[in-house]
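Think of it as A, B, C and D in the order they're written, each chain with its own count starting at 1.
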Amino acid sequence: MKLMIDFCVVPMGVEGSIARYVAACQRILDAEGLSYSLHANGTNVEGEWDEVMAAVKRCHEVVHDMGAPRISTSMRLGTRTDRSQSLRDKVESVQALL
Amino acid sequence: MKLMIDFCVVPMGVEGSIARYVAACQRILDAEGLSYSLHANGTNVEGEWDEVMAAVKRCHEVVHDMGAPRISTSMRLGTRTDRSQSLRDKVESVQALL
Amino acid sequence: MKLMIDFCVVPMGVEGSIARYVAACQRILDAEGLSYSLHANGTNVEGEWDEVMAAVKRCHEVVHDMGAPRISTSMRLGTRTDRSQSLRDKVESVQALL
Amino acid sequence: MKLMIDFCVVPMGVEGSIARYVAACQRILDAEGLSYSLHANGTNVEGEWDEVMAAVKRCHEVVHDMGAPRISTSMRLGTRTDRSQSLRDKVESVQALL
């Protein structure tokens, strides 16, 4: 099953900018060879369900290892059986109507 | 790694009440032996990361099998390394301050 | 327009338990006279759109005043024109199928 | 209070592509003169709290008017008192570390 997610990892109990935690998660997605796209409030990822979810788990492990005692992630998960659609397709299908 | 989630499965492209889809997901959580609690806008589940996530995947599979061509799930994921805390503990820690 | 939300206020950049911030938000909902219900990963609130949203804004203001330099809230918003449904109705419509 | 949101409006009970509903919301953001950015799973918007939230309410009204009997929106809300930061700043602060 193909999965498209948008997730935002929020480290809690740490001071200052969270950019370095987000950057660490981007490196995990890169290392896993997943297709992803960073935006201002999260990251879109697409791939097979198990691969995408393994990367999210790895992000939690790494952010804890970097010192965050607690993590609150918010995530949207999209699956569909009617047709396949990429991250780019979704944006273009809207832009075609503007 | 222990995981606590709050998830809300939204079947798209189907008419009428979505209660039967939510009920199917409750049965999956029951069958998996997970600790969970239904509320008006989602369900809280706690357990080992892989077990909780396997149940979420199963929910998507079953809701598609029931006829929904598309699913949009929103989920909060909480992990922590500082201490263990159950669903009940979280509510009680707030209520103790009211 | 009636609105039903489920929201979870996450104070960032602060140490220790966040229970006192959540408790402060419960007091705001009480003071506003809104119908709400706390669960392990958030709070459900129902009411007129503008009243519910004014309370969410007040929560952000108060949590900042309590010392959190940054807040990340995740929220589900539900509106419907087909029929009216309370927080209790939603849970009961699922439980009737179990 | 400045607010940055990421929101995803999910029309329920309607068949086929939801691109036309998303496009209608983009037009609302345009008409309100808000700074926003569409991505594959939502839209980032920044501005004054009341202006951003008025646009979200308008999106719900318009999507109902277009025929959706029910809407489930998921939203992340970020506010901060430590410094001001734009949508672009957030992405660049991460990319500078990659």
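We adopt the following convention: contacts are C-beta pairs under 8 Å (C-beta built on N, C-alpha and C of every residue); 3 or more make two chains touch, one makes a residue touch a chain.
Computed from a predicted model, the values in this text were never measured in an experiment.
*Asks:* If you tally the C-beta contacts for A-D and for B-D, which one comes out higher?
*Replies:* Most contacts of the two pairs: A-D.
*Asks:* Rounded to the nearest whole Å, what is the centre-to-centre distance of chain B and chain D, using the mean of the C-alpha atoms as each centre?
*Replies:* 25
*Asks:* From the mean C-alpha coordinate of chain C to that of chain D, what's the distance rounded to whole Å?
*Replies:* From the centre of chain C to the centre of chain D is 19 Å.
*Asks:* Please report how many Å separate the Cα centroid of chain A from that of chain D, as a whole number.
*Replies:* The answer is 18 Å.
*Asks:* Quick one: which residues in chain D touch 2 or more of the other chains?
*Replies:* 8, 13, 72, 74, 76, 78
*Asks:* Think of each chain as a node with edges to the chains it touches; is that a line, ring, star, complete or other?
*Replies:* Graph shape here is complete: every pair of chains touches.
*Asks:* Contact residues on chain A for chain D in the complex?
*Replies:* So the residues of chain A in touch with chain D come to 4-6, 8, 17, 19-20, 22-23, 26-27, 37-42, 44, 74, 76, 78, 87-88, 90-91, 93-98.
*Asks:* Once bound in the complex, which stretches of chain D touch chain B?
*Replies:* 8, 10-16, 18, 72, 74
*Asks:* Considering the complex alone, what residue numbers of chain D touch chain C?
*Replies:* 1, 13, 49-50, 53, 56-57, 60-61, 64, 69-82
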